[in-house]
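This is the structure I want to talk about, given as structure tokens.
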Amino acid sequence: YSQRKSCWYEEEIEENLRWCFALNSILHTGATQFQDIQLLDTKPFGKALVIDGKLQSAEIDEFIYHESLVHPALLHHPNPKTIFVMGGGEGSTARELLRHKTVDKVVMCDIDEEVVEFCKSYLAANSEAFCDPRLELIINDARAELEKREDKYDVIIGDLADPLEGGPCYQLYTKTFYELTVKPKLMQGGIFVTQAGPAGVFSHTEVFTCIFNTLKQVFKYVVPYSAHIPSYADIWGWVMASDYPITLSPDELDLRMKQRINGENRYLDGKTFVSASTLSKAVRKSLDVETHVYTEGAARFIYGHGHGSTHKNDHA
Amino acid sequence: YSQRKSCWYEEEIEENLRWCFALNSILHTGATQFQDIQLLDTKPFGKALVIDGKLQSAEIDEFIYHESLVHPALLHHPNPKTIFVMGGGEGSTARELLRHKTVDKVVMCDIDEEVVEFCKSYLAANSEAFCDPRLELIINDARAELEKREDKYDVIIGDLADPLEGGPCYQLYTKTFYELTVKPKLMQGGIFVTQAGPAGVFSHTEVFTCIFNTLKQVFKYVVPYSAHIPSYADIWGWVMASDYPITLSPDELDLRMKQRINGENRYLDGKTFVSASTLSKAVRKSLDVETHVYTEGAARFIYGHGHGSTHKNDHA
Amino acid sequence: YSQRKSCWYEEEIEENLRWCFALNSILHTGATQFQDIQLLDTKPFGKALVIDGKLQSAEIDEFIYHESLVHPALLHHPNPKTIFVMGGGEGSTARELLRHKTVDKVVMCDIDEEVVEFCKSYLAANSEAFCDPRLELIINDARAELEKREDKYDVIIGDLADPLEGGPCYQLYTKTFYELTVKPKLMQGGIFVTQAGPAGVFSHTEVFTCIFNTLKQVFKYVVPYSAHIPSYADIWGWVMASDYPITLSPDELDLRMKQRINGENRYLDGKTFVSASTLSKAVRKSLDVETHVYTEGAARFIYGHGHGSTHKNDHA
Amino acid sequence: YSQRKSCWYEEEIEENLRWCFALNSILHTGATQFQDIQLLDTKPFGKALVIDGKLQSAEIDEFIYHESLVHPALLHHPNPKTIFVMGGGEGSTARELLRHKTVDKVVMCDIDEEVVEFCKSYLAANSEAFCDPRLELIINDARAELEKREDKYDVIIGDLADPLEGGPCYQLYTKTFYELTVKPKLMQGGIFVTQAGPAGVFSHTEVFTCIFNTLKQVFKYVVPYSAHIPSYADIWGWVMASDYPITLSPDELDLRMKQRINGENRYLDGKTFVSASTLSKAVRKSLDVETHVYTEGAARFIYGHGHGSTHKNDHA
């Protein structure tokens, strides 16, 4: 006999759609200068980090998000040594990066010191990463930091909240930003990759296609891909972009993983990436016809546009 | 200003996980001889058919399930003329089948006459299919019907509830059934395809791997594939099986679709099938190591095993 | 075996408190010029009228509210012949009034014609009342109507939404309104009674004590009383006021009920009224110390003040 | 701006009715030998003790329950010195008892040591009571303990779970138990009082009328009374019984409270008790016609009878 669960976490994925997890406990509730944070111990997904009422990351499946964000870009790069992460305060992105033997230096730049400190204390899976001497942790606005620094990077990673117009990260998804800030900071052969919001059969039109299209204006090669993340109740999307070709066979990817990555991936391998980067008919069609470009001047405000799609609220 | 929604449909996907849709209205509630049925008008997913408290099919995304169930098998067959559907009372499977110009005859065998009648009356999208003279609708147990008939079929389709031990459809997933009932009723070159339960990164171990492994004992070629269905909040799986090779390139698939299918698919095309049949690392690994075979004698009862995974409750 | 209920009506009684009823069906959803209305068929409380997302009245226990609103005032009056109802569009107040043999005329003045028509069509329990020739139904603002008419009434009844500042009915609870509009329209011996919001151990401070105190400024005798209404998940309050003493023993009340009221009350009798008008220590204490008076000039806006306490949204 | 609450406690008061509190935190979850316990910090009602999925007691309104259980019996007794409490492990009943200056000794007998220890540790409001030298705390079955002891008591108090047939406390509500165990242990002038389940307009037929009727078979004077408890979303009932008249005027009650009770009651005074013991018409009618008597031999098992009405799960 298993008793009805009485304590629940409830998230409104959209106004008309709720996703509810039975709770073991509420580990922490608080507010930083920028956002509200909660750490919950949920029955279906383990420890869950919730920022401003939106699930960011759940213990049992964050590996899907973070392996997908990090490894394709690094593997397609011939020899990635220096990495800049915009956002990523949770530490999981750094953890995956630091598994790469080629990596000398990871600069992680998140705006919210308290979230970073919070994750350092609570997320055991990332504590080693936070101590790694190759990690340089900066508390700053990612754009300001990137512009200030004279260094260039092999890979730049956007681990930010979705580009909601009026939202904290919108300007970090614009054509101008990509053109004038990101691209000049990539070394030769460099790759940029960003999380790109929901990418489901219906949800991909929220921001995924626009991020793709905006990057296409700036970079020669742009590769969108996606994966199902159970705790998000949706498919999630990422986009890689570079002025250098991004193509490897599954076997080449598998070989590089073996050679370069410490430990074994739980989600991503060569075939998984083939599948992830082969999008379904409906999504490919939308990518083909998307004409909107994120610009600072012409920000369209779409009502309720991204409600429920704020993946990463790390203000970077 | 958009008001909080006050009427909700709530489903316990698992004991610890709920999925809730705002409601426009409750179109019908009733009970047949075999099951409870509800037709709901939901805000996020349109009209939704709920059987025994489990969402079966939602208006806005059932095309993903039904295109995935029907077209891969028919397209891989050189010239599919006669089809037998176990279950499928909703009519959507028949609808997709009847789009194939090669198809002469569809025998659809569902055990619950009232559900069939109900769907005939309420599901406008399938009304044309129900009237098609190529459709022969039989109310009977699918096994009994298949054994009784002397005909053989080019494609046999399992559109049934999951193989929960003790559940109504368990015996229609056993090695014996596949060997002694299904396979003998396939014409030369024939293909069997069945829905195969949830196939997410975690949920694929519920029944997907066992269905795959059971079919592997009986057929020479077995192809598992999957797709995300938003209203199920999960990835769903199907398995095709045949004693004849099942391999076509994306271009060949696209060509056959053009030649053979009336109208255009909304979900499936050649590349989508490549992606769907290229499973992720974790799932492939489980398929490789699965040893369990569904047998009538050795039914393991796993507590709560398929809780929440009863996709199709059509007792066929 | 009784299956888990899957369709629910959910009301936020307060921001932190929800009250949820399993649903049989959603009989009607719509919007009038003034408000959103729903008629739901709920499992625990039968048909329920919901206005602007707040339960107004439920089939199985509305008799408690309406017997409590109507009978004490009419019974304490020596010979009530003419009645004016502000609001009351649902028709239940009229129904209870028309049970009194002494009553010659009921003027019911509600601002929302569509709600009145809706209730006429859907609420079978009140259909007889709507047809009674003694009922004069007026669609107008109650204040305007009362001021315009030259008639005086034996009893005036306030069946209105709570006095939320900024809300549609606030001005119908002010000292000025009572003094200059209501009192002059009462015949000699006349009694005014109004619903007075939640009156629970904690909730009575929302509006109940202020309504009481405001009436005390205007009338010589003021009698507050309350009753538990299961579908509201709270105790509800009413206040009677007059310049003539309002005191009858339980036996006198019972006798008058027998003589004057057709049919038998389900909730109210003499002893019930003794109990209802003997308030608990905490509530009496608050009534004693309340100093706030509702005035048009000095409307305090209290944030969230009456959230969840909007009983009657009939804009009268 | 006040954010939507995301963590909720949800109780099924009945199968068709839910009552949900926003959560601050989950202070404790565990299982004793007898029952599951949770201590929750809820937003609307403060700390809440939940046993076997049912709210037992909430910080902000438990005073209503416990003042109502304890003071009427002690006040009606001329000089209550010795008290026996069946159940009451939470400590609040003892706390209220020990406020009486006349009381020399309180024997509190609860079966679940872990719950008692848990409440000692967590419920600050009762910690003084647990340390009072007049309190004798016994871990035992209340019936066995009462039978074993040779002492008699001025007041015996039943602070137990409802008499669900098959439930842990059923036998402590039977005619035989009252006749052969309780009554012989009352001193001359002694009074027995028990919690008596929900007593709302509809819910009073669950157990309240049967407890009343059973006590009426055994004692000469029986006084039922009730009060609304906000966190229970219902009216609750108690029954006092004695072979000596139980009648005091509100003024006498108020005087005795002043003389005998340390500190001031928050809920109960003389008038409140008049109101509480003057039941509404519907409830009085049911009490009059109730014929069922709880007996060990003739336990009727009523399906789902008291679902949601298990007030006190202290197995005593």
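Order of writing sets the chain letters: A, B, C and D. Residues in each chain are counted from 1.
The working rule: a residue touches a chain if its C-beta (ideal position, glycine included) is under 8 Å from a C-beta of that chain, and two chains touch if they have at least 3 such contacts.
In this text the structure is predicted, and so the values were computed from the model without any measurement.
Enquirer: Expressed in ° and rounded to a multiple of 5, what is the rotation angle of the C-alpha superposition of chain C on chain D?
Expert: Fitting chain C to chain D on C-alpha atoms yields 180 degrees.
Enquirer: List the centre-to-centre spacing of chain C and chain D in whole Å, with centres computed as mean CA coordinates.
Expert: 34
Enquirer: Please report how many Å separate the Cα centroid of chain B from that of chain D, as a whole number.
Expert: Each chain's C-alpha centroid was found; their separation is 55 Å.
Enquirer: Do you know which chain B residues sit against two or more other chains?
Expert: 8, in rising order.
Enquirer: Touch graph across the chains, line, ring, star, complete or other?
Expert: Looks like a ring, each chain touching just two neighbours.
Enquirer: Can you name every chain pair that touches?
Expert: Pairs satisfying the touch definition: A-B, A-D, B-C, C-D.
Enquirer: Going by the contact rule set out above, which residues of chain C touch chain B in the complex?
Expert: 3-4, 6-12, 23-26, 29, 36, 38, 40, 50, 52-53
Enquirer: Per the contact definition, I'd like the list of chain A residues that touch chain B in the complex.
Expert: Of all residues in chain A, those touching chain B are 2, 5, 8, 14-22, 42-44, 60-61, 64, 200-203, 227-228, 230, 233-235, 265-269, 271-272, 274-276, 278-282, 284, 304.
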